[in-house]
């Protein structure tokens, strides 16, 4: 299978602190890869290095190369002349806390769709409906699209964020602990959604939970102190003993 | 269409920002340029030796020293009223008042903050008017009236700064006193006020600056063009003040040199207030760092 | 301690209420049927017994409106610059300078402008003295700009922190972020900034007094002279003592006080609605 994201020799510094050291990573079409590790191990930084979100923080420095497939062509994310906006459009991102924009549900779609894809009114409605159906939120919100997005429950807001990312027709999904702020039931629904979505999108996710990783992942990468210390395939994850040993060793 | 709006916003934001910077730079450059020819000790003291003027009470008839002295004394007098009163009221609102009462005071402070300064001047003037009609036929405007009205002008800044400084303290700090068995008043006096002191101080410095620059209040309450070449000698004296001096020169200058003195006075006043405001700014910055660290 | 502090708070309250009471008391003689009719009139000619202050009401509103028409768009544009459109270092410099502007005395602006502007305006427009609605409004715009910018700034900081990463991750650039999210989502804050700026402009005395020409007539063009309520107060107080002209200063003061108080109430209500909605 062809590789969607390819990370080579990636190092990231915040100020003088080296957060990631010499990371190599590759993941392919149809694959759901989960990054786990103790807090401070650099897993979120690695995720954000793919769409260059680290650059929104002060004093960050990146070395190495990330190659990402944009519209079927492999492009260098950090190459000179690379368009950051296009890169971030290609990578649909969902954050730990549901980050709905402080406007109506409809505008959460219309603002990015109009600005990023220049869609007109009719296309926009169709695109929004399709995305909201994808995340099984359409029936709950179709009668109140003008309501404040923040009036939805936490789980609904997070599904709205998934839908918003999907509406932009991403090439890959980047999920930064998408269930960390949700309760048990909402977490289950999001996990089901992720498993369904991986049929259509390659997904790179950060998780805080080893249990979650073993439930949904095709591949698990364990990070510790800025390095990838272990990579496990799905088969290894089905063995409770190995998962337990992993937990003992790293958490 | 959307693209056009974006480009327009980018252009206007650059033009506006550069324009604002240009206005400020041009203003300062213009003040310096137009006052350069008169910027020396003579500007301040005329032919009088400066120690005689500052400490000896010698009369300065050609110089802006009396106006500077007037402004400094005026700031001191109005601060003597506004700062203690403002801190006390701010502490009361933040730590003692509750519910409806607190909302009412805060609201009145907001109204006071939004009141034009000429109204304070009018208020002072009408107080004198009332005194004349009733108990004191000889009452007149002067330093005391001006200082009280200026105090009224800066009082809301002082109250708000105190309130904000106290309400911005970390929540645990409120529990600290109680956990050590202190009464509420002890805790306010020994823990909360000292912890908020830098914020309160920055409010006090801001108040000084506001009192120094105001013209509208003092022009109705006792500022005069010339007051005998000295700062005010008593609380009922009429007085010279730097902002009023500048106003008078704008209206009545006859020669190019008088105009230059006007620009120089404006520059001196600008340096005075700008240093006070910069000090406020630095205090607030250091405060933010203190709680972030 | 409670007594001392409570007394201080009571004095502050009494001062505000006392101010209202004084001005009302002195303006009272005008509010008889006859006095009122004389005051609400379009002619100010004390020598002929005409004491109408409506031209000054129009003058104040016109000055403030024109000043805000310039200052408000510029303030929003400056904030847009500071919140992402400008490069980081220049953005910081611009905000520092705007902060510094709050420390420049009104009289300094007014003095420099009174010397520079009128000759320029006389050269640029045929006729007139150069002391005009337009000149005064431009200087007022500079004067109120920092107020507007700082209110928007405090409103945008939280919003910026909450939405910056989201829109970046969606592939929107900083300009799209300002245009698509910051401005639409902060309508209440922008309105509050506008109203506060308007109140500042309305309450200014020195710029109006030194640049607008102080002619008590309703202006017919931007280069006509006008007289503001604030300037009217200071002119009347310095020119005459006693009589109906004198009382009109108190009427002007009372109108100003009512207007600015209404503005304070409006801003307060906006703030309340804004915080409950978030």
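Chains here go by letter, A, B and C, matching the order in which they are written, and residues are numbered from 1 within each.
Keep in mind that, in the parts below, a contact is a pair of C-beta atoms (placed from the backbone, for glycine too) under 8 Å apart; a residue touches a chain by one contact, two chains touch by 3 or more.
All values reported here derive from a predicted model rather than from experimental measurement.
**Student:** For the protein chains shown, what form does their contact graph take: line, ring, star, complete or other?
**Tutor:** complete
**Student:** When contacts are scored as defined above, which chain pair ends up with more C-beta pairs, A-C or A-B?
**Tutor:** A-C
**Student:** Which chain's mean C-alpha position is nearest the mean C-alpha position of the whole protein set?
**Tutor:** C
**Student:** When the centre of a chain is set as the mean of its C-alpha atoms, what distance in Å lies between chain B and chain C?
**Tutor:** Chain B and chain C have C-alpha centres separated by 18 Å.
**Student:** Indicate the whole-number Å distance between the mean C-alpha point of chain A and the mean C-alpha point of chain C.
**Tutor:** 49
**Student:** Using Cα averages as centroids, what's the distance between chain A and chain B in whole Å?
**Tutor:** Each chain reduced to its C-alpha mean, chain A and chain B end up 53 Å apart.
**Student:** Considering chain C alone, which of its residues make contact with at least two other chains?
**Tutor:** Chain C, residues with two or more chain partners: 176, 179.
**Student:** Residue numbers in chain B touching 2 or more other chains?
**Tutor:** none
**Student:** Considering chain A alone, which of its residues make contact with at least two other chains?
**Tutor:** Counting only residues that touch two or more other chains, chain A contributes 114-115.
**Student:** Which chain C residues qualify as touching chain B in the complex?
**Tutor:** 1-2, 4-9, 11-13, 15-19, 22-23, 25-26, 73-74, 77-78, 80-82, 85-86, 90, 93-94, 97-112, 114-116, 142, 145, 175-176, 178-179, 196, 199, 202-206, 210, 230, 233-234, 237-238, 249-250, 253, 256-257, 260-261, 263-265, 267-268
**Student:** Which of the residues in chain B end up touching chain A in this complex?
**Tutor:** 2
**Student:** Where on chain A does chain B make contact in their complex?
**Tutor:** For this pair, the touching residues of chain A are 114-115, 118.
**Student:** Mind pulling up the chain C residues that touch chain A in the complex?
**Tutor:** Listed in rising order, the residues of chain C that touch chain A are 159, 162-173, 176, 179-181, 184-185, 277-278.
**Student:** Report the residues of chain B in contact with chain C in the complex, numbered from low to high.
**Tutor:** Touch residues, chain B against chain C: 5-6, 9-10, 12-17, 19-21, 23-24, 27, 30-31, 84-86, 88-89, 91-93, 96-97, 104-105, 107-123, 125-127, 129-130, 152, 155, 159, 185, 188-189, 209, 212-216, 219-220, 243, 246-247, 249-251, 259, 262-263, 266, 269-270, 273-274, 276-278, 281.
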